[in-house]
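Below, chain A partners chain B and then partners chain C, in two separate complexes.
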Partner chain A sequence: MTHTDESVLSAVGVSAGYGSGPRSRSVLHDVNVAVRRGGTMGIVGESGSGKSTLAQVLVGRLTPIRGVVRLDGTDVRRLSRRERFAARRRIQLVPQDPYSSLDPRMSVERTLAEAIDPRGRLRAGAHRERITELLESVALDGSAAKRLPHEFSGGQRQRIVIARALAVRPEVIIADEVTSSLDTSVQAEILELLLDLRERLGLTYVFITHDLAIAQYMCTDLSVLYLGTVIEQGTTDVLTRPAHPYTELLRDSRPDPSGRSTPAAAGGLATEDAADPANPPSGCVFHPRCRYGPRTHEDRTRCAVEPPILADLLPSRERRAACHYPIKAVIQDEEGP
Partner chain B sequence: MATTAAGAPAVRRGLARRVAGSPWAGYLARRLGGVVAVLAFLIVVTFMIVRWVPGDPARQIVGLTAGEEQVRQVRERLGLTEPLWRQFGTYLRGLAHGDLGTSFTTGQPVSSMLSQRLPLTVELAMSALVIVLVVAIPLGTAVGVAQQRGRARVATSSFGVGASVIGAMPEYIAGTVLVYVFALTLRWLPVQGGSGPTAMILPALSIAIAPAAVLTRLVRNETAAVLSQDYITMAMSKRLSNTRLLLRHVVPNVVTSTLTLGGLILVALLGGTVVAENVFNMPGAGAEIVHAIVRRDYPEVQGIILVLGLVAVLINLIVDVTLGLLDPRVLTGARS
Partner chain C sequence: MRGVRTRLPAMLLVGLVLAAVIVLVAVAGPILWQARADALTGDIRQGPSGAHWLGTDALGRDVFWRTVVATRSTIEMAVAATAIAAALGTFLGAMIVSAGPAVRTLGDRVIDLLLSFPPIIIALTFTAILSPGRASVVGAIGLAFCPQFARLTNRLALSVQERDYVTVARLLGVGRFRVVTRHVVPNIAPPLLVLTSVGFATSVVTVSGLSFLGLSVQPPSYDWGSLLASGLRNLYDNPGEAFGPAAAILVTGLAAGLVGDGLVRHMDPRGTSRPHRAVRRSADPPTAGDASRAGGAAPVASVRDLSIRRPDGRELVHGISLTVDAGEIVGIVGESGSGKSLTALALARLLPRELEWSAAHLNVNGVDLADPAKAPPARLATELGIVFQDPSSSFNPALRIGTQLTEVLRVHAKMSRRQAHALAVSRLAETRVSSPELRMRQYPHELSGGMRQRAMIAAAMLPEPKLIIADEPTTALDVTVQADVLRLLKQINTTHGTAILLISHDIGVVSSLCDRICVMYAGRVVEELSVEDLRRRDVRHPYTRALLAASPDTASERDGARLVPLPGRAPAAEDQGPGCSFAPRCPLAVPVCTEIVPPLVAEPSGNAVACHVETAAAEVRS
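Let's turn to the complex of A and B:
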């Protein structure tokens, strides 16, 4: 996944934020993410870590301050206006809230027709077949076409939003917390639908979530974001055998359904520990919370001064972490006899 | 909601079939029930209030110098010596036959007085409503768009203050200022009297100005709120033109709430006509009600209030039905 030549979409050294001048807010710092064709890149992290900002950058809605977004290896800034619009159609966003992302006054049919034919060049009935096909692909009945969004449940609305994203036959779908506003049982349906669509249509996903269980289930690759920087990257193995202390903390702070272990017992993520994204700590941004850092090891003063770079940990180049003292288990497993 | 899915497409065609067996039946029944209740309340309360106001209609008619005997005779002739419940019964029987009673002072039927005076009041209120809509909808949308896109920051942020000040201005102050500027100083329009559209401009403006400010602010807020929804961002990413975006996504969503307040504003405009007709000396129902109250002309006061109340209730009913047509969510109360 580190090779940009096989990736369909990638962010290279991207820094981004909102606003300009003295009131500007920097959110992402030198982020590198490469999305393999046909794979699912999970972006995980706490709220405020910059997950949604990264989605905005990848979809082309937010221009990075530094760094480039590459589509099939080509810097999107080099594209002409026309090419850039065509490129945008190849990448579609499915936003988080299925309630605010559908116009309450437009029938499903009109919503989809607008996605297929935004300028209204063709007659109203011309898209009927395609609309039925789209609804079928998200397992909705054709009779849904005439109805208004309020007649649907959250899960059904999310299916409509997915159908709208599929309307332009995209290659990459960026799913931003698509299941976080849904009930658990409905979540599972939507996740199955997305997996099914990935197989049938050969889609590539960028899957943004704060739910590690979902990330592990859905994704082939993972990037862990902390305060706007990627601190660990690799296959989903990242979650089972973390190399970065923060990933380990994330993993351990998952509530255990058996009730035997609580996040607090695992030295978990108390919110008062979380740093201000607008004003990140010096050195390694995670060092004030790190259980292996200068808080517990006096000799590791380096963490508070020198920001670690995201470096390959394994000869297979399947794991990268931004840590001066990565957890050894990962490396030893692969190198050992 | 899965249960409504099967029958829904078939029921879509034709208003009549739509009403039967659809949320419309319940919705209309509730609204009509409300209309009847409001009118009944209005009839009883007006009847009581005019009689509770101190003063004697008979004394008003015969004058201060007349003797007690004369007053007593007039009271008897007007039926005011009868017990209250019997007076009310007579009034109700009249109403049932469409008879609003006879004026104490002129001896004319109240209905013929209304047929002379009501058209002017309605014309005034409608002119004012047109002014309100023509100003509020485009201006509110424009300010909302500018605000949402961070343009013209000084203008958009001072807009709220300006709208509050203008929105709080009573009709008689607005009317006086307008007369001073346009009639007395600039001499563009007549002070009062006259005929045709020029005579209507100042009175209509004086009652339209405050509601226009209030509605403009509402349209601005609604526009800004709609523009911040995800579906607008999604629509913009499809490179819809600005006009298309406004007409297809923004205006239909703004219109619902605008209409709700629009009905209330029209009702308020009817009230405003009372002040405007007196300030501008216009012979409408609004001016007449003040005279009728001063003269304790019970049938006239009751008649005017009842008819204006009926108009107000009907306006609200029309608004409710229109809302139901535009936005089926209101039928079941499913609006988020």
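Let's turn to the complex of A and C:
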């Protein structure tokens, strides 16, 4: 992991899942993600790829079965109780649904006061200035403080949720599909707000989304997840010039407003839905859907047997892909004369 | 009463007054009127009279005053029993929630078992085991009702604990105990309060019932139950003697119910400030329809001047007109609340019952549907197919896919079972559902989301309709599956010539599939344009322009350009002004925009736009 030194938050060899005993469900398999300070790490993938589970692991809600989560290079399990409390507050989560993430019975003021002072040590009025400041930072009027969540629209609620996350002066914000329940125009507002906050407060984001256009717009780095494994990783040109066939499929699946026909349409292999995460295919988990794999190239039997490892493609450009036959164009372009 | 800011609901007020009276009587009764109630007179078993309002009992004592004095005993016992049940039950429920999975399962089963017996049976059993008397009755009833509290607490706490706000509070470092007191308890309190009030009412009845059976207070003490028992023996001599305690029990139960319901309504955070009804109505219905396209193929669906209203008269869709020609793919794009789905549902005559609608003209493939009072003919089911957003709720989970697919064919096309089956299988294969024969035998939950949506499209295609209405068909799907479903719709359109009306919030989806696009905003079509113009970003209406500037799909193609958020928000149906609904957010707005609704004006190109500024500019150009 070349990034580890400068990365503020990283998952190293993380495997995680839910439940225990015979009914347990493994979701993530040996995932490595390093989040650069001041950057935005996008986690993209389809439903069932383990995006949200990874968020739970990074935020400390779910303990990995194997592997470690490092904060500033330190294994969080090694921290003392008090240090862990402080560490937790440095990483904040903005969940997807702005309706279920605010307590319907608590005014905005109380919600923010709780975030500022979770143990309730100061008297109630002590946070007024800070609350006004927080509301201003998310472009909400100070009069919002006394109101209850149901009096706000979805976009405004999401602003309140962001203000609450900012209340603890976090370094990392994990945004889990924050705009997927919002209208296009409101979505733009929230995305702009997040970009603005990143600049002003020097925040680091982990940005989880299923929408590639948003990922490309928001992120500096990307990890593409498929069935719980990272299959490609690099800067955002991962999406413009993918090396992994799955990333290419994702890119070509975007509704194409220019009306050009999409190359993936020709293969028709995309019609296979993602495999059941509980019962992943052998070898490369993507091979049954791959248009360059054994379905089209008979000599590539290796894909169905041997799981590829996430290997550096371009050491200079920080590009890794887990594929036995990565798409050549990427490498040739970079190494061309 | 004016000036009262937090209005209590009327029913709560009535309940509280009743409850206060009962409590007052319970406290004061034995102190003030004990003597009157116990005084023996010579008038035994008298009917109601001026001296004795409810008559007298076998020993000549006044029934009215005895009922009054008995209030304390009954209420005390009922309160104590309810308190025991609520405290013990809530505690047990909370313990079960916070315990490990094994204890939780065991606890659930035990509660299930206890709940399967009527509480009065449990109370009777306990009372019989302990010796009859006040204390044992209170304990028995408390125990008998506590499983109900345990179950409710358990269920509610589990659901609240899974809420995101509890998760976030934990991440913020809020301690376990504070999470419970600040987030969990306030959010589960209202249903528990209702149960407490219902439990109290039931306790009153049960306390009286056990006492009626002679298991509770022993003479010479008495309560409503024992009064009722002796009253029943003298029912023919003095009906008043039974009436008194019976009425007291009834009124107490009523008061408890009213207080419980009222409190819940009062405590609902949404209940305290309901949006007040606006007085003004939007004045003039706009006359659209100028834009209905002339010439071309006969439309498969057309609607003119469609208006949809809420029961309170507020208009949600304001006289819009729309045509879908044969073989055409028309998209309606708009944000939530723009009325796009309502318009589509109205075309299929599937609007929710409580909405009123009217249209000058509504026709689907020759079937006239414009009269809201006339039920649509059964034939409509074969004229159009519908694909909804959520593939998991559009099939009946209890029936096999095959049964649901063949139903339409057997009812409407009068096909034999075998014919219908064969056709359904071939349709599934055509919509690229893998192993169609197997799918026919499966239940909806056994299919993935993408497979279900494909099966839904197959179902919509079965009667060979001329039109498919697809309402956000890909919104719940992954991007790879979405791409496939869009290709599938396109393929159906080319091979069968089926016209499609696609509703979407995603301008990218619409522009990748449709021939012609209607942009809706706040219940009106603000722009109608060809897909070529949309792709060229050659749009006229400021809202369409803003929508394009705000969507990252297209913004990413302009190097380094930031998204431009749209200021403000779409107006709710109740606060729409008389003019253009977009005017308050519009950068081009001029005074006339806030006064007159701009009509949808057709341009020579076939496109149409509803904007005063644009129309004026177009006139200048020509």
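Rule of thumb we're sticking to: the second predicted complex is superposed on the first by the 319 of 337 C-alpha atoms of A that agree within 3 Å, B and C clash if a C-alpha of one lies under 4 Å from a C-alpha of the other, contacts with A are read in each partner's own complex, and residues count from 1 in each chain.
Note that in this section a residue touches a chain if its C-beta (ideal position, glycine included) is under 8 Å from a C-beta of that chain, and two chains touch if they have at least 3 such contacts.
For clarity, every value in this text was computed on a predicted model and none was experimentally measured.
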Fit or clash - chain C, chain B, common chain A: clash
First (chain B), second (chain C), both or neither touched by A:V31: neither
Partner chain in contact with A:F152 - chain B first, chain C second, else both or neither: first
Touched partner set for A:S143, first chain B, second chain C, both or neither: first
First (chain B), second (chain C), both or neither touched by A:L71: neither
Chain B versus chain C as contact partner of A:L134, first or second or both or neither: neither
Touched partner set for A:A113, first chain B, second chain C, both or neither: neither
When both partners are placed on the shared chain, which of chain B and chain C touches more of chain A: C
Contacts of A:S100 with chain B and chain C, given as first, second, both or neither: both
Stretch of chain B, among 63-71, 81-89 or 171-179, that runs into chain C once the two complexes are superposed: 171-179
Shared chain A contacts, counted only where both chain B and chain C touch the same residue: 59, 61, 85, 88, 93, 95, 97, 100-106, 114-115, 118-120, 148, 150-151, 153, 164
For the chain C and chain A complex, residues of the former touching the latter: 163-165, 167-175, 178, 182-183, 186-187, 269-270, 273, 335-336, 432, 434, 448-451, 478-484, 486-487, 505-509, 511-513, 531, 534-535, 546-547, 549-556, 562-566, 569
Chain A to chain C touching residues, read off their complex: 46-47, 59-61, 85, 88-89, 91-93, 95-97, 100-106, 114-115, 118-120, 148-151, 153, 155, 161, 164-165, 167-168, 183-189, 191-192, 195, 210-214, 216-217, 249-250, 252-259, 262, 264-265, 270-274
Residue ranges of chain B in contact with chain A within the complex: 1, 4-6, 8-9, 12, 229-231, 233-235, 237-240, 244, 248-249, 252-253, 326-329, 334-336
Chain A to chain B touching residues, read off their complex: 59, 61, 85, 88, 93, 95, 97, 99-106, 114-115, 118-120, 141, 143-144, 146-148, 150-153, 164
